[in-house]
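The two complexes that follow have subunit A in common; it is paired with subunit B in the first and with subunit C in the second.
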Partner chain A sequence: MIRRYPNELRGHLWPGILFLGALIVATASSNLFLQDAVIVILLWAAIASAWNISGGFAGQLSLGHAAFFGLGAYTSTLMNVHLGLSPWVGMLCGAVLAAVVGVFIGLASTRLRGPYFAMATIAFAAALQVVAGRWYSLTGGNEGIPIPFKVGFENFMFSSKFSWNIIALVYVIAVYSIAVWIEHSRFGFQLAGMRENESAAEALGIHTRWLKIAAISLSAFMTALGGTFYVQYAGFLDPGYVLSFSLSIKFALMCIIGGMATPFGPILGALLVTVLEMYLRAHLGGGSSGLYLIVYGVLLILVVRLMPEGLIIGVPKLWQRMRASPVA
Partner chain B sequence: MTELLPQLIASSILLGGIYGLMSMGLTLIFGVMRIVNFAHGEFLMLAMYLAVGLAACGIDPYMGLLIAIPVSLIFGFAVYKCVVSPILDQPHVVQIFTTLGLSIVLQNAALLMWGANFRQLQLPYGDRVILVFGAAITLPQVIAFAAAGMFAAMLFLAIRFTYLGKAIRATAEDRKAATLMGIDTNRICLLTFCVGTACVAVSGVLMAPLYATYPTIGANLALTAFVVVVLGGMGSIGGALLGGMIVGVLDVAGGYAVGTSWKEVLYFIVFITVLLIRPTGLFGIRGAEEFDEAR
Partner chain C sequence: MLDVRNVTKRFGGLIAVESVSFSVTAGQIVGLIGPNGAGKTTLFNLIAGALQPNEGRIAFSGKDITGWAPHGICRMGLARTFQITKPFRRLSVLKNVMIGAFTSVHERCRATELTMGILNETGLTAWRDTLASSLPVGLRKRLEIARALATKPRMLLLDEVMNGLNPTELREMMHLIRRLQASGLTILLIEHVMKAVMELCHSVMVLHHGQLIVTGSPAEVCADRRVIEVYLGEEYLLG
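Let's turn to the complex of A and B:
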């Protein structure tokens, strides 16, 4: 049945179904929990996809993407609270700021590989978290900042879940489209070359330095947009969360579980991880707050070990192998 | 300032020694296996909980080292067999996220078992103060520093002068070549991992009387350990000690100059600067930060 569609569209079947499903929930459902779940999944899916541009396509394993997320969140909130500017303006400024910071991180990445880059990004996000928590006069310190609740499109504040849902959907489709474009563009092919063998790529005349900077910067830009969305939706800016190491891990984890360097992988990963988290929290939750994170950690170890390409490639492969040689 | 100087110097040196020991396991494991153990801090945290638990049973934590070392060797063995050995020749993504997964599991297991409350190990002689040249230092600090120095010296001598130490150095230099020379590199890796874990356990036990114990203490201290190791040079034991001293000085002097709340920013800045200017650190294995492209 799938074969009737033109070849280019076939790859978008599953993401299309998911986006359509989200739209249907947004318009038809009156279940607030379900609507909230969909918004959160779309948000994390978009950010995991944004991480994928740097971590997956460019192979620069950042463990500090919360820094970009936090930059987006803080820029829009501070401009809103101190200057009275619309969060939409702040969102754009935050994203540009994150992209500029991304250029510097990208410059650093040309000297640091693998775990060194990961450590540097951890330290960068940790430093930002300390600054945000201590620079009381500007950021309000560790207590965080409540977002003024003034409903209206220009204030990026809505009373209905429907509007949040549509914005999240636009956001995730935008990041997904970028990922699809990267996969089929010259830029993407060059990134793939660099990821597989940097020296060989350089020998072929690819400017790996600029590629890395471009990828990290673009990834930072898209991540920062999500930061603004998150604080506006949550209604509160908490430096202990938006700049935390665990958030950075979460972005990377969703992408890795789903499948790196594929457009749909991070979206699938975000869906699975978020649903799993909600389920485990509901069933194991309450007093034993750490339990679902243990499952998380074990899952991460297992996926990385058994299906390093992520579920999106690993599961079909496994399926094919099982069909080819039925066990007993 | 002048009357504070002896105090500042004494505090930096003592703190530096402990930071050095804490980072030694990390640097040893990296040097031999080229794996950055992101679960390092959690090993430390578990050792601190062990010391707290032993103290609750009435065992002096310093005597408890006799228990902590064998326990950590067994723990290191188990972790190596189950988690580390399969990822030895895997790409960075796998190595980073496997150890990261391990750290998430251990941290939350501790949270589940012991809760998020701070526990402070109280020693009967814990608040005894010694005055040296006008600097007041507590007994646990002195013991921790002396023991750190002793263990570091033992490790250094063992690696420098024994046959096994030679094999470890050869494996660190080039695993493939070492294998070709008839060294069982798998066993060397296992041994190094266990010894590294034991180092962490020793420093954890020594630190338990000095710091409050809680599930995320490891994650906080691990960042310091990364700073120390990168500063001193990944894979260098002497470098870890020197890096520890530098971070100790930064910590104390920075705390004095810019206030305790901002000193962390100071050493993150130093960390990133060192990474950028000289990723091999002061005494690192040259080229180690480049890694093999072929892997």
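Let's turn to the complex of A and C:
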């Protein structure tokens, strides 16, 4: 009768294999498509992990994380174009700015719960997108901003895929480490309590308001770093993309599919979603460019219906059940 | 230890708790009884900070805690359990208690140590890897107490921890409460199980329509005419 704690994929074996695989591709492969794929997967994995800090660990479902991503992208780009500052400096400034904005979003989250909080984050990102599109003198409006192509470490611009790959790898390992730390720390235990039952957590001496603000702010900081990386790598800042609702959805989706509130879940989710997206784009062609969104939708429904805890917990559970009752 | 002065709570036109005053001496077990809807749990929520009183003051170990947030009151050393248990459902029993332990200690190893001790004390060691959602009601009540104990309180508010227990569980629970009192904890408990109230409590308060009508020793309270009328019933006297 009494159910045992599910056997999760413990340890760092799988992420370790994945990171090592990325490193091998970076050093050994001359296939540019493959290298590009690895960089993009690592980037989205890092951002899904950053989203996980707020949406997973803290249980504050944000559908506006593109706002933080965009803040990172815009801050570094504008400081680079207007002031001639290194994107590295801009990246840090953007992340700090996003963290400060995250504090305010966090304050909102103490008033708005569940779907209301999610809607507030959507509205915030949408508002930011309008501002970026209209404030022509500062942001270049909807036309976007090309990133000056001056190769060099200080300009955060590289001609070889290898360098991009290494930076993306450092980024994803950093966010993954934070997630592992959270899982085992006092902070993480308190977050888990808050996400399971807020009033019980408060009765146990947990300051839930502070926890929410801290988690959302940290998540915003880590997401904004990815925004700078993305525009530098893409070479162009497009407000229609970096601040878009569909991007916010994608961050959340990757994490939900992989498994929320686990360190490796969002990384797995990012891998699956990105590979699927690339495959569908290549095989469905330009004529049905929106079709992959339908596939996203179906995938999301299937995961939420069949494995609400995400693949990282759901698949081992299924495996256990299949072993326990072999089909005769 | 705990001092409640003229506390009133209104929900719109309904007066749930009306000008209630009492104090609890350190080291005692005090019972709070009364019919359903008398305002017992509301009074607990007021003391624990989950609700704010409209009037009156509440002081705990000499400090005015009126208007404090629940987490602040818990950190002061006044912990509570919930009548309708609120376990962290998708976490193991061990983690449930660990979360409480992290309020009183910061390092993980010390929190684990504290948790193991409390699981042992509350008889939950065998279930430590079980998900809280799959615990039966008797164990859930014990988990509520274990979690509260992990915050290292000086006083416990127990809200019907003996309801729905079988005779063996009831006996164990009463042993546990007595042990806690012997270890120096002050306890205020809401209870309908009169046997437990009679055996455990040093003094008993009776709440009716939001007002304290009688306070006294268990024997005095049970013999009181008004208490029999509003709560215990004639059969109790005869039985």
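Brief remarks follow.
Please note the rule applied: the second predicted complex is superposed on the first by the 317 of 328 C-alpha atoms of A that agree within 3 Å, B and C clash if a C-alpha of one lies under 4 Å from a C-alpha of the other, contacts with A are read in each partner's own complex, and residues count from 1 in each chain.
The criterion applied here is as follows: contacts are C-beta pairs under 8 Å (C-beta built on N, C-alpha and C of every residue); 3 or more make two chains touch, one makes a residue touch a chain.
Since the structure is predicted, the reported quantities are computational estimates derived from the model, not experimental observations.
Judged by the touch definition given at the top, the superposed model places A:A108 against subunit B, while subunit C stays out of reach.
Of the two partner chains, neither subunit B nor subunit C is touched by A:L34.
In the overlay built on the shared chain, the residue A:N197 is in contact with subunit B and with subunit C. In the overlay built on the shared chain, the residue A:V170 is in contact with neither subunit B nor subunit C. Contact with subunit B, but none with subunit C, is seen for A:L291 once the two complexes are overlaid on the shared chain. With both structures placed on the common chain, the touch criterion links A:T208 to subunit C but leaves subunit B unconnected.
Applying the stated contact rule after C-alpha superposition, one finds that A:A126 touches subunit B and leaves subunit C untouched. The partner that reaches more residues of subunit A, of the two candidates subunit B and subunit C, is B.
By the touch criterion defined above, A:F189 reaches subunit C but does not reach subunit B. Across the two superposed structures, the residue set of subunit A contacted by subunit B and also by subunit C is 197, 199.
Subunit A makes touch with subunit B in their complex at residues 61, 63, 108, 111-116, 118-120, 122-124, 126-127, 130-131, 134, 197-199, 245, 249, 252-253, 256, 260, 288-291, 293-294, 296-301, 304-305, 308. Here subunit C touches subunit A in the complex through residues 48, 50, 69-71, 74-75, 79-80, 82, 86-92, 95, 98-100, 102-104, 106, 108, 111, 127, 129-131, 134-135, 147-148, 150-151, going by the rule given at the top.
Interface of subunit A with subunit C (complex): residues 1-5, 184-186, 189-190, 192-193, 196-197, 199-208.
Within the complex, the subunit B residues that touch subunit A are 36, 83, 86-87, 90-98, 100-105, 107-112, 215, 219, 223, 226-227, 230, 261-262, 264-265, 268-269, 271-272, 275-276, 279, 289-291, 293.
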